[in-house]
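Taking it in order: structure first as structure tokens, then the write-up.
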Amino acid sequence: MFARVQHDDFSQQTLYDELCVNAVPQGAGAIVTFTGLVRDFNAKGGIQGIELEYYPGMTESALDTLLQQATSRFDIVEAGIIHRVGKLANHAQIVWVGTASQHREQAFLAATFIMDTLKQSVPIWKKEWQGNQASWVAAKADDSTAAMRWLQSDKDNTCDNA
Amino acid sequence: MFARVQHDDFSQQTLYDELCVNAVPQGAGAIVTFTGLVRDFNAKGGIQGIELEYYPGMTESALDTLLQQATSRFDIVEAGIIHRVGKLANHAQIVWVGTASQHREQAFLAATFIMDTLKQSVPIWKKEWQGNQASWVAAKADDSTAAMRWLQSDKDNTCDNA
Amino acid sequence: MVTVKFFAQVRELAGAEGVDAPLPHPATVGALREQLMSQSTSFEDALSGNVLMAHNQTLCNGDTEIAVGDEVAFFPPVTGG
Amino acid sequence: MVTVKFFAQVRELAGAEGVDAPLPHPATVGALREQLMSQSTSFEDALSGNVLMAHNQTLCNGDTEIAVGDEVAFFPPVTGG
């Protein structure tokens, strides 16, 4: 498993190959990848790129936990996440998720789960640029604390013992 | 949309880029890919590669129809399928499916749908090699005719008018 | 004549990739199949059991009508992907 | 002291990436938040409303106990992916 936060762009081929290094010897027959791209519009009209902020340390740890959760919930043999941060132009690659399984259904489900959970619970914040103004994107989850708490279920939860 | 049957191996990056040529100008924010690999075992033990046979003409036409069906059923802006034929070694890439959508859920659903339907209804047949013997893989669908007939629902169906 | 094609197990059992056949009476895919099965024991083996049929590269059934110059294919349930 | 970090809108409203704060009484994340909000109007703006809290990089709530040397972060609901 691998999870990285980086500013630099990523190569589809390189990440696919990295996933296969562990996946193929474990009998993987199905590889699913998801790539998120910067869209060039929002509800208010055209945008000129985005900017992503993260919490160094906590973000990587949340991604690691997310991969562990996906591995325990689904019958997958390997998974990886790359998330870019910083300023990204329209159409740039933002996030890549890869999953490998012996059976395609599990690979699809695990990749879907990772993306759904990532959007709700990994500490990353997005700004959209319109002209010279950058606006923070509003969160969709009504109860964001509940959404994020999910990530803690496998961990020694010092907070809830307080 | 693009669908090809070929013996040669394919490159993840090249196919991803090919999908993006049409997908990105149409506002795609989500790209999903599926890759099927030759597994090195079956229920009876280890295998030494597979061999895939197809029906030149009908197979390509079935893949085209499948892409049209996926496009009409799901909110996707682009999709592609590559299926290899001939003799393929263990761990080789067999099939690639890519879908692009404004929203990730539709991209995931369309890719899942394409793979499920492809396995049931596209004229391709698989042999597995064990030692010097090659055995045809048994079909899983109980009613294969029904599974394949689904592909005809959008076409001028001369057969059913007979 | 009608162009007949065989694929996968059907091809191997038939011992041929295909054959040209005269138009059967009645002129249907089902009658063509019967005509081929009576032609040799290997064709009989190949075409009995769960065999799918295509007429001019579209899946069809035994009632489908055929004409001179058409292409008819027989093959087992598919197993690609 | 406790290391306090702000992110995204909270950081911008606070006008700072973080601050070192004395251990509050009681020594909880909630008391720390109250203490910071009474410190300046920009901190008050930043920390009112729907703000999430993390203690040593794990999501927590206001009752979470803290000690000298701990790291506490305040940030809005996440919007990555």
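Letters are used for the chains, namely A, B, C and D, taken in the order the chains are written, and counting of residues starts over at 1 for each.
Basically, contacts are C-beta pairs under 8 Å (C-beta built on N, C-alpha and C of every residue); 3 or more make two chains touch, one makes a residue touch a chain.
None of these values were measured; they are calculated from a predicted model.
Undergrad: Which chains are in contact with both chain A and chain C?
TA: B
Undergrad: Over the chains that touch one another, what is the least number of steps taking chain A to chain D?
TA: The least step count works out to 1.
Undergrad: Counting only Cα atoms for the centres, state how far chain B is from chain C in Å.
TA: Their C-alpha centroids are separated by 25 Å.
Undergrad: Approximately how many whole Å separate the CA-defined centres of chain B and chain D?
TA: For chain B versus chain D, the centre distance works out to 51 Å.
Undergrad: Using mean CA coordinates as chain centres, what's the chain A-chain B distance in Å?
TA: That gives a centre separation of 27 Å.
Undergrad: Just curious, how far off is chain D from chain C if you go by their C-alpha centres, in Å?
TA: Taking the mean C-alpha position of each chain, the two centres sit 75 Å apart.
Undergrad: Could you list which residues of chain A touch at least two other chains?
TA: 36, 115 - these are the residues of chain A that touch more than one other chain.
Undergrad: At which residue positions does chain D touch at least two other chains?
TA: Residues of chain D touching two or more partner chains: there are none.
Undergrad: I'd like to see which chains touch which, written out pair by pair.
TA: Those chain pairs which touch are A-B, A-D, B-C.
Undergrad: Tell me, which parts of chain A touch chain B in their complex?
TA: 11-13, 16, 24, 27-41, 91, 102, 104-105, 107-108, 111-112, 115
Undergrad: Once bound in the complex, which stretches of chain C touch chain B?
TA: 5, 7-9, 11, 28, 50, 52, 54-61, 63-65, 73, 75-81
Undergrad: Note which residues of chain B are touching chain C in the complex, please.
TA: That would be residues 36, 52-55, 57-58, 61, 83, 94-95, 115, 118-126, 136-141, 144-145, 148-149, 151-152, 155, 157-160, 162 of chain B.
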